[in-house]
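For reference, chains read A, B, C and D in written order, and residue numbers begin at 1 within each chain.
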Amino acid sequence: MINVGIVGAAGYSGLELIKLLLNHPEVEITKLFGSSTVGNFIEEVHPALRGMISLEIQQFNVSELKEVDVLFVALPSGQSMNIIAEAYKAGVKIIDLGGDFRLNDISEYKKYYKHDHLAAELLTKAAYGLSEWNEEEIQNSMLISNPGCYPTSVQLPLIPLLKNGLLENELISIVSYSGTSGAGKSVTANMIFSEVNESVRAYKVGNHQHIPEIKQYLEKFGGTKPDFSFVPHLLPITRGIYTTIHAKVKAGVTEAEINDAYKSSYAEKPFVRLIAPAIPEIKDVVNTNFCDIGFKLLDNDTLVIFSTIDNLVKGAAGQAIQNMNIMFGFQQTEGILKCNGNPSRQSRDKKKSLQIK
Amino acid sequence: MINVGIVGAAGYSGLELIKLLLNHPEVEITKLFGSSTVGNFIEEVHPALRGMISLEIQQFNVSELKEVDVLFVALPSGQSMNIIAEAYKAGVKIIDLGGDFRLNDISEYKKYYKHDHLAAELLTKAAYGLSEWNEEEIQNSMLISNPGCYPTSVQLPLIPLLKNGLLENELISIVSYSGTSGAGKSVTANMIFSEVNESVRAYKVGNHQHIPEIKQYLEKFGGTKPDFSFVPHLLPITRGIYTTIHAKVKAGVTEAEINDAYKSSYAEKPFVRLIAPAIPEIKDVVNTNFCDIGFKLLDNDTLVIFSTIDNLVKGAAGQAIQNMNIMFGFQQTEGILKCNGNPSRQSRDKKKSLQIK
Amino acid sequence: MINVGIVGAAGYSGLELIKLLLNHPEVEITKLFGSSTVGNFIEEVHPALRGMISLEIQQFNVSELKEVDVLFVALPSGQSMNIIAEAYKAGVKIIDLGGDFRLNDISEYKKYYKHDHLAAELLTKAAYGLSEWNEEEIQNSMLISNPGCYPTSVQLPLIPLLKNGLLENELISIVSYSGTSGAGKSVTANMIFSEVNESVRAYKVGNHQHIPEIKQYLEKFGGTKPDFSFVPHLLPITRGIYTTIHAKVKAGVTEAEINDAYKSSYAEKPFVRLIAPAIPEIKDVVNTNFCDIGFKLLDNDTLVIFSTIDNLVKGAAGQAIQNMNIMFGFQQTEGILKCNGNPSRQSRDKKKSLQIK
Amino acid sequence: MINVGIVGAAGYSGLELIKLLLNHPEVEITKLFGSSTVGNFIEEVHPALRGMISLEIQQFNVSELKEVDVLFVALPSGQSMNIIAEAYKAGVKIIDLGGDFRLNDISEYKKYYKHDHLAAELLTKAAYGLSEWNEEEIQNSMLISNPGCYPTSVQLPLIPLLKNGLLENELISIVSYSGTSGAGKSVTANMIFSEVNESVRAYKVGNHQHIPEIKQYLEKFGGTKPDFSFVPHLLPITRGIYTTIHAKVKAGVTEAEINDAYKSSYAEKPFVRLIAPAIPEIKDVVNTNFCDIGFKLLDNDTLVIFSTIDNLVKGAAGQAIQNMNIMFGFQQTEGILKCNGNPSRQSRDKKKSLQIK
């Protein structure tokens, strides 16, 4: 049993963390920190939690972390650097759901996040929390930088193809659509219901802060620097990301090779489901920590790849808990995936491989 | 051809007024007034209007009204009283879409609108713009107080029953559901998409500002002071109001009598469609100036009445133009309803009466 | 550890049962029965389940139930009577999520369900599964008739008031709005997205099959036969029911008395949250087994009561599992509610009572 | 004044045609044809039309066309070929909203539409109704083949770039998202609200029937045969298409050149709005005949282009009426676009050009 603290409990990622952690058999939530909500009980801020948890939100103070085993930080970028620096110094394990410790290059950080970095000395300490690709670093680090929602939906389908050298050196175009919870609880004129409902819009074209993150980690895990474009769009739904990627495969690359690349990467990974030739649908991953991947190889060596995640789960709180499980030596699935009769991974993979061919 | 000015052109009712007036053969929009948007062109504020109108938004000044025949005022309650007082003094016809000139009783106004009235002397000058019931006053007035959206959806189905003495003197319970555009463009935490989507909530239970308006005009046009309760709810859709009313009819009252009450009230009214025994659906009135009414007489003398309107059209801009048409002697339907081959009303009513029995 | 079988696994209630049971520490799902989906694996029918369960759907045969401890039946009304009769004879515990064993009066059944009853002899054997009010019968019965979704949302808020004699003998008007999953997977012209989206409609006015169910159990548990009207509406959301009830209280009844009636009924019940003076919102109960209740006492002795449930959870699969827990002597909350640090009920109630006054 | 007939009046395109034509000053709808709805009045099939039109739906018979000046055919592909052949022979002008007369190559037709062509002799007679690019052919033809919704949203932004030779000869990836009305009123399991809501899915990847249509007309009007991929997705909204296109521009191509290509193509076209550097939003074109185009030139010569249309208007009924206007010598905007005070095109374009640079 470990004690957990959460900074930013009043936001959507905070709420999702609490809901998921309540279901985790090895966890008790003992500290909640906020700013404008200090003094309120968490179930007043999130009435959905009434009857499940009753805990007062406090002002963050590092002295409050004495009995905290791990601190989740779920704040907008730029607001948590001091808190994380203090907690890190105090020797507390930290999982940061924000974007402040994802980029190695401070100039890139400034360019995309539009402010200075206040804890640059920690950048080399942070392990990128893409659970399926960075398990060892995550295990050995005190500070996890949890991936962005879009990068998770982009990197998981692309890394195996890059790593196996299947893609031609041409433009990879990435079109992502996200539900509104990805924007958090920000109260702006263009996020009110009447403006979002029954509409769609692209945004931050060419300057979204997830672009350098995608770039850095495609290189780190895929071993190459592809020419890519990433364009996010806003969907009139609350949860879920749909990513559609176009790429050219090298001449002669077959569907079987693509399948193999995915299977060798993910057959042992409980949260990535290769579902080709089926096409992913957002509704099948909502409220889960799964990333579903499908693809179709078209004429002319054109490959279309689809992935879906729940931005608040695999794209935020769920992957954060997956990383906590890795850090503390729990089963990766603990608290975030139950299987019927706890079947061994073998049986699931046997079934999965049947689906593919 | 008349010249029209609009105050509050940047809001949803303002946008709706412009869209509808562009389709009106007797109107040119010549003046637009705003506050925070002054200096912008209207098509910058509402990109939907690009290619249809290009007009700069000005600061309101009564001297700008010299060639304006009618001024629509579409501001939140409390913000327009000075403007209306000035324009009235200048002799301009005014149609106010806000709530400031609907209540006779200033103490009721203060209680429900939470601020003082700054132009109380005009209250007796204003004609309530419930087009179907107040045509003569509307024709003879310089200042029209356009009804609230909920009151329109409540009064149109209730007045004929009250007027004809069909209802028992017991509680009339009125449950209304409205789309989010009814709240205007207000940017508040509980109106962002993630909070409204996939949910419903009642609000302002027992203290909504439309309660005294309903009360006053049920008495004025229905001739009685019923015991009623009105409870509004927020729907995760953009446009439309659904009102469900329970009332007890006097012993022995038949469906035919109810039908007759509606037909005698509305057979000559182009915008009220009695569709019983069919049940109204919001989608059939969206983007129209219609109010659809259905009802069912249940056992035990219980009557359930349903009405639907588009809150931005019949509940705001559409009825405002209907009132403009009445004021200027145009056909009531001019610009807001086209009929195939312009059939005479007789043929439509013949058809309609066939539907009912 | 008990073995569970499900009939009707391909429907929405079936899917919800599986999702919830996967999270139940005392349960293994061992048998799935279907009709048109026989021969498919459940994760092919519900791709959301990939990676969590892999089980072939079989044709129902009572011989397959030998090692099944409890059989959930989630079929449309009228399709399960033979199956239930056979399973009952074989001595298997049964929880029926359909409507076939809810009404005592066969003539009422025929009138509202439009077909004959084929297993009338079992009607007296079935215990109505309104968990909060019928625990003892549920514990001692082999056949549970799980309540309808609307009746659950109506009875939980009304029974305490009736039982405590707080309501006047006048019309109780009940207006309910439900998401589309309440209609199951039925593929009809008026349920396609384009017809439901951005709209609302009332339906089955005066003849919904839940009317006699509400009537029978308000009398059984509330001890009186109120004059009521129930009108259901369709909402453009997937999950959730919002019920708004108007009733007249007896002269002099106070808010405190209403509070007391609810607290004496539900203080010890983990799934009913009295949240007055707050107003329920559907989003706070979605994906939970909670029923939230709020109310406001208006002038003139008019009481407005609000309740919310997730129609697929407390209105179907969740309450079914709650009943299973009661039947097998598990904690009522097992598998369907986790509390932080497993706080005792006392602390929750203390907190809850603070909220109320 | 011309007399109009409509085949397929019961569908969504039929409804849209009627709504738009009711607003057209030169048109009377005199004949409606259907199949399963024959004998009903159109306002019974589409209750939204009550009070605007009352006309009985007839079985199609060419003898009924004597006084019909133009026949709109809005049937699913494959169902209208006989009707169109008969009407054509009878000398009636025809506008076909279906896909049967869009492809020159019968083998492509069979491959993508999955059935034989029954009126191949008419293929050479049909003019493709992409109004902005084929005005002369449309004017001189008796049979217009109205473009598909997706092709309209793809061709309008791409043709000017191809025609001006601005694009590199690499993959053009086209990702489109459409509202559900694009699927018509088809009642299938995967189109019910609960399956579509809060989700997204790609479909017909690599085999959508609009692929050969896009190919044929990009070549015809753009003068080149680009390597492209088109992937459609389903959106949980009723109306609207969002198309996002990635392409490589030739080295050195500037934003100004792209602007010029669009302006030289569309400055005189009232229904194409170049809104760059703004990004299109679906809500700005819903219920209009506009196509909005935006773009952004990124690093590395990558161009992202965005377009939006209302699939039922510019993607179907609206463009059909635009084509009717061209055929009969009316103003192209007649009945489908009103401008304030009927400003000359010059003033609008002047304004528009200001927006761009």
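One rule holds for everything that comes next: contacts are C-beta pairs under 8 Å (C-beta built on N, C-alpha and C of every residue); 3 or more make two chains touch, one makes a residue touch a chain.
As the structure is a prediction and not an experimental result, all values here were calculated from the model.
Between the interfaces A-B and A-D, more contacting C-beta pairs are found at A-D. Centre-to-centre separation of chain A and chain B, using mean CA positions: 47 Å.
The geometric centre of chain A is 39 Å away from that of chain D, both derived from CA atoms. Chain B has residues 179, 195, 197-198, 236-238, 281, 283 in contact with two or more other chains.
Because contacts link each chain to all the remaining chains, their graph is best described as complete. Across the complex, chain A is touched by residues 22-23, 28-30, 41, 43, 47-48, 50-55, 198, 270-271, 273, 275, 278, 281, 283-285, 287-288, 290, 337-341, 343, 347-348, 351-352, 355 of chain C.
Considering their complex, residues 170-171, 173, 175, 177, 179, 195, 197-203, 205-206, 227, 229, 231, 233, 235-240, 242, 244, 246, 248, 279-283, 286, 296, 298-300, 302, 304, 306, 308 of chain A touch chain D. On the side of chain C, the complex with chain D involves touching residues 12, 179-181, 183, 185-189, 191-198, 236-238.
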